[in-house]
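Two complexes, one shared chain (chain A), two partners (chain B, chain C).
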Partner chain A sequence: MRKHKYIEEKFFRVLMFFSTTLIVMVLLLIIFSILYKGLPSLSWEMISQTPKGGFYFGKEGGVLNAIIGSLYLSIGATLLAFVIGLPVALFMNVYLVKFKKTVNTIRFFLDLLWGIPSIVYGAFGFTIMIYLGLKTSLLAGIITVTLFIIPIMVRAMDEVLKTVPFGLLETSLSLGSTRSETAYKVFLKQASPGLVTAVLLSFGRAIGDAASVLFTTGYTDHIPTSLTQPTATLPLSIFFQLSSPIEEVQNRAFASAVILTVIILIISILARLYSRKYQKHKINF
Partner chain B sequence: MARFRIGRHLRSRIHLVWMVVSLMIILLLPFILGIGLYVKSILLLEEKSLWELLFSSDWRPLSGNFGFLSFAISSLWVTALSLLIAGPICLLTAIHLTHYAKKWVLQIMHPVIDILAGIPSVIFGVWGILVIVPFISRYVAPIFGIETSGYTILTGSIVLAVMIIPFILNIMIDVFKMIPDELKEASLSLGASKWQTIKLVVIRKAFPGIISAFGLGISRAFGETIAVLMVVGNVAKIPTGVFQAGYPLPALIANNYGEMLSIPMYDSALMLAALILFCVVLIFNFLSRILIMRSEKITN
Partner chain C sequence: MEKGVKILVRDLNLHFGKNHVLKNVNVTIPEKKITVILGPSGCGKTTLMKTMNRLTDIYPDVKVSGNIFINDEDILNTQQDITILRQKMGLLSQRPYPLPMNIYNNVAYGLRISGRRKKRYLDKRIEHYLTMANLWDEVKDRLKESASRLSIGQQQRLCLARGLAVDPEIILADEPTSALDPISSQAIEEKFVELKKNYTIVLVTHILRQAKRIADHVVFMYLGEVIEQGPADQIFNHPRKRSQNRILKDCSISILHFAFCILQ
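Our next item is the complex of A and B:
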């Protein structure tokens, strides 16, 4: 009996160790398999040119249209989400700080929104687009992606602002500043590295999501010059190229996947650096 | 000086108004989403009842038959199977990280989980095609004597499992961290081994949290689109085994959006699919979050 209890523990410890290692291995496998398959087809041409005639039959060209399109789309959506999201996060933590119940309800609400699949936003965005008489365009995409990332951004910012000590709020108010000054001058400054992390996180979500832009941004071989033009995005360009039966085109899909992965990895690392910086500057009252 | 003061307070006012307006936009968003999708799906619902649509597998949009059954069942298969794969792995890893692992392991695992969570779903799809599809068709299916292209429900579930692991794991780590130390110490001092303490005290105490982490994982898996679409095969038929192709609801919406515009009923059917997705995810999310909040209150 006595021995049995230790054997069981040993057994589960091995299992636990195994599953932890498995997760790390899977991540490495994902990154390596993408790099292994994509790097040989990755060339300067891929990054620096838009698709030329016959691109989808394996002739020359690159995915610059999708790279720029994705950047336009995600930067636009992140900015818009920031303009709406930051005030809400500040409002919850500066104005509503005494109304714990209200704040918790809002948080609950945001968590619910956070889980809605992006395809639902996509379908909804499409409906709105038709309703307003818009065509598939950069603007429609930006609006849809904004709706999709707002809950993520607000919740991430809220997690940061939650850690700003109450004493700081009291001090600022007692020195005669208004609540909005406290919010925008004191809280914003104190939490800025953490807020950068939140913004980067949302940006990463925006650039990587395909389902929400599938119906709203359309697809084109050109770099958009106005908000009303359709726009190519990197995830969709990977998706479309991969469904081609021609091998060269498929290989380009893998190369495009490398580009997207590298962008996402850079964002992750930046986010991590900023969140570390925030931890360092944290004040404890 | 006086003018400056007015300016200051006016500015505060404007800021406050914008804050409240933004908050209203966010709070109204889910209602607008739900109503918008509902209005679009009325067209189909007037013709047939939801019940009829959900329990018919006859999907022939051109002749006006919209049975969602095969898609709903595919979604259930993929979701359940992915949770079956991801659940135990997450549970074991979470216990390992919170109770056994050295500090440096946690320091490695945090970025690993973050990066895994940040990888776009299309990349998971590419990985699925590169690695999991050939793995299933060459190594796994032959064991059972089945020949398949590799684009199966099982493939979709494995890819999906990897996608929801960081999500479930993050919540579970938080849940385990919240178990008070006194509880464990009491159990240890009564002579229980560390594993017995975990098995009989920690897991029991964390049970509601674990269930809700699974619930959130389910809602995540249910709505995932592109990655699953790329590897699951997309055949509109009720699947009867894991080595068959499936066609989950999100994939249905994504695949048919372009061509449905000309037929209003088709459009309406896809909107209804989105509405179903929206409702299922919201319900799962809602219940899980409530459960988490309850258990937090009890432990505090």
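Our next item is the complex of A and C:
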């Protein structure tokens, strides 16, 4: 009996150790290969210039158009999704607490939407564009990406708001607050560190997705100056460079991947620093 | 409503899904006294208290019928704004739930949402209520600090101050000392005795000794029914005949009552 337990314990410890190591190794390998291939091609020119003629054949230029385009697109979509998603998540957790079944149904459908591949969102966005007579543009891309990340953002926020204890809801109501005061003055503050994570998660999906913007934002070598212009994005830029037969261009794709990774890194760090300001008021129940 | 009666519960029935939690509850709670709702865990005493505050509104699958009169207003069937109604009642829960903000704003919260926002007025009120809850001396130098940094006993007193700040007539306390150490518990109990001059206090507890220490009026509940109620002296020292007969009918209750007698 003793021996049996000992072996069992040992087995699962080894299993956990190996799966953790495996994941970390794969992650390191990806980062390493991006850096290994990308860093030599990364130059100030890459970051500060738009593609010149013949860029995709190895001539000079950079991916500034895609950097700016990606930032416009994903920041716009994240803001829009936040404005729509936050009330939904709060509504589910403050107003609908009495209706468990309804909330669980909503959760089920959001999970379904989360699972739909982004190319389907792209196709859906494209259909809407045709219906409205829009051309490929930044605006169409923002709308499509917003639709695509809303389920992610709402569910992630919902998971955070679910952890706010019921007693805090009761307390707030018993002080005479309305439901909306409870939602925006109490729940928001208690959950803010987690909500930042939810926003970051969605931002990461928005900036890294290629399929949903393929039909909707189009591609251009210029930096967009209005919402109705087509826009380049980093994932698509990487895609186009990788499909080139010229090795130099392929390496630039990896340099673009480095840029994309660094952008996500910078935004994560900024958001974490900002959320720490509110963290101190969070009550640990 | 009779004079000196603050809360009158009439034929209150509450179902939690298929569970019949409160069965024909009739309770009279006198004004400016400490009424203790006493009974073992799970007998519905907390539920009864939350019904008085209409907090049962937010629970799923709850059905309530009957009347609860507070100042002649039937709060279960009223058109009145529920938030105003709740402000008349301060709630102290089993464990403190400070709001996720600093100490000052915790107390100011209730005042602000009812429209009182002037800085000088708030400063004065906050000092007043924190003093009332015996917390002022401990926190006056760190009002801007987060409430989560306070000890649990201090947090409970902060919750008391916060509840008092909305200027309630009634204090509902749900086993407010169950998460506290003996000294903090005593502080809260003493505070209640002091506060009953101006407030009607309803205290839910399963601790008989606590009830005997501070109760003026006792409601004894068991399995969702009110078994006995009346002035503390009468309940503890001269249980009425009628209820005693009833108690004898139910063996489990009689054992419980026996235990109560021994503890006395």
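Convention: the second predicted complex is superposed on the first by the 243 of 285 C-alpha atoms of A that agree within 3 Å, B and C clash if a C-alpha of one lies under 4 Å from a C-alpha of the other, contacts with A are read in each partner's own complex, and residues count from 1 in each chain.
In this text, a contact is a pair of C-beta atoms (placed from the backbone, for glycine too) under 8 Å apart; a residue touches a chain by one contact, two chains touch by 3 or more.
Here the structure is a predicted model, which is why all the values come from computation and not from measurement.
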{"item": "First, second, both or neither for A:170, with chain B first and chain C second", "value": "second"}
{"item": "First (chain B), second (chain C), both or neither touched by A:113", "value": "first"}
{"item": "Touching partner for A:178 - first (chain B), second (chain C), both, neither", "value": "both"}
{"item": "Contacts of A:254 with chain B and chain C, given as first, second, both or neither", "value": "first"}
{"item": "First (chain B), second (chain C), both or neither touched by A:210", "value": "first"}
{"item": "Contacts of A:97 with chain B and chain C, given as first, second, both or neither", "value": "second"}
{"item": "Set of chain A residues, in rising order, touched by both chain B and chain C", "value": "178, 181"}
{"item": "Parts of chain A lying in touch with chain B, wherever the complex brings them together", "value": "5-6, 8-9, 12-13, 15-20, 22-24, 26-27, 29-30, 33-34, 37, 83-85, 87-88, 90-91, 95, 106, 108-113, 115-124, 126-128, 147, 150-151, 154, 178-181, 183-184, 201, 204-205, 207-211, 214-215, 235-236, 238-239, 242, 253-254, 257, 260-261, 264-265, 267-268, 271-272"}
{"item": "Contact set on chain B toward chain A in their complex", "value": "8-9, 11-12, 15-16, 18-20, 22-23, 25-27, 29-30, 33, 36-37, 40, 88-89, 92-93, 95-97, 100-101, 105, 108-109, 111-116, 118-127, 129-131, 162, 165, 169, 193-196, 216, 219-220, 222-226, 230, 250, 253-254, 257-258, 270-271, 274, 277-278, 281-282, 284-286, 289, 293"}
{"item": "In the complex with chain C, residue positions of chain A that touch it", "value": "97-100, 165, 167-178, 181, 185-186, 189-190, 280-285"}
{"item": "For the chain C and chain A complex, residues of the former touching the latter", "value": "50, 53, 55, 57-60, 83-84, 86-87, 89-91, 93-95, 97-102, 109-110, 113-114, 146-148, 159, 162-163, 166, 172"}
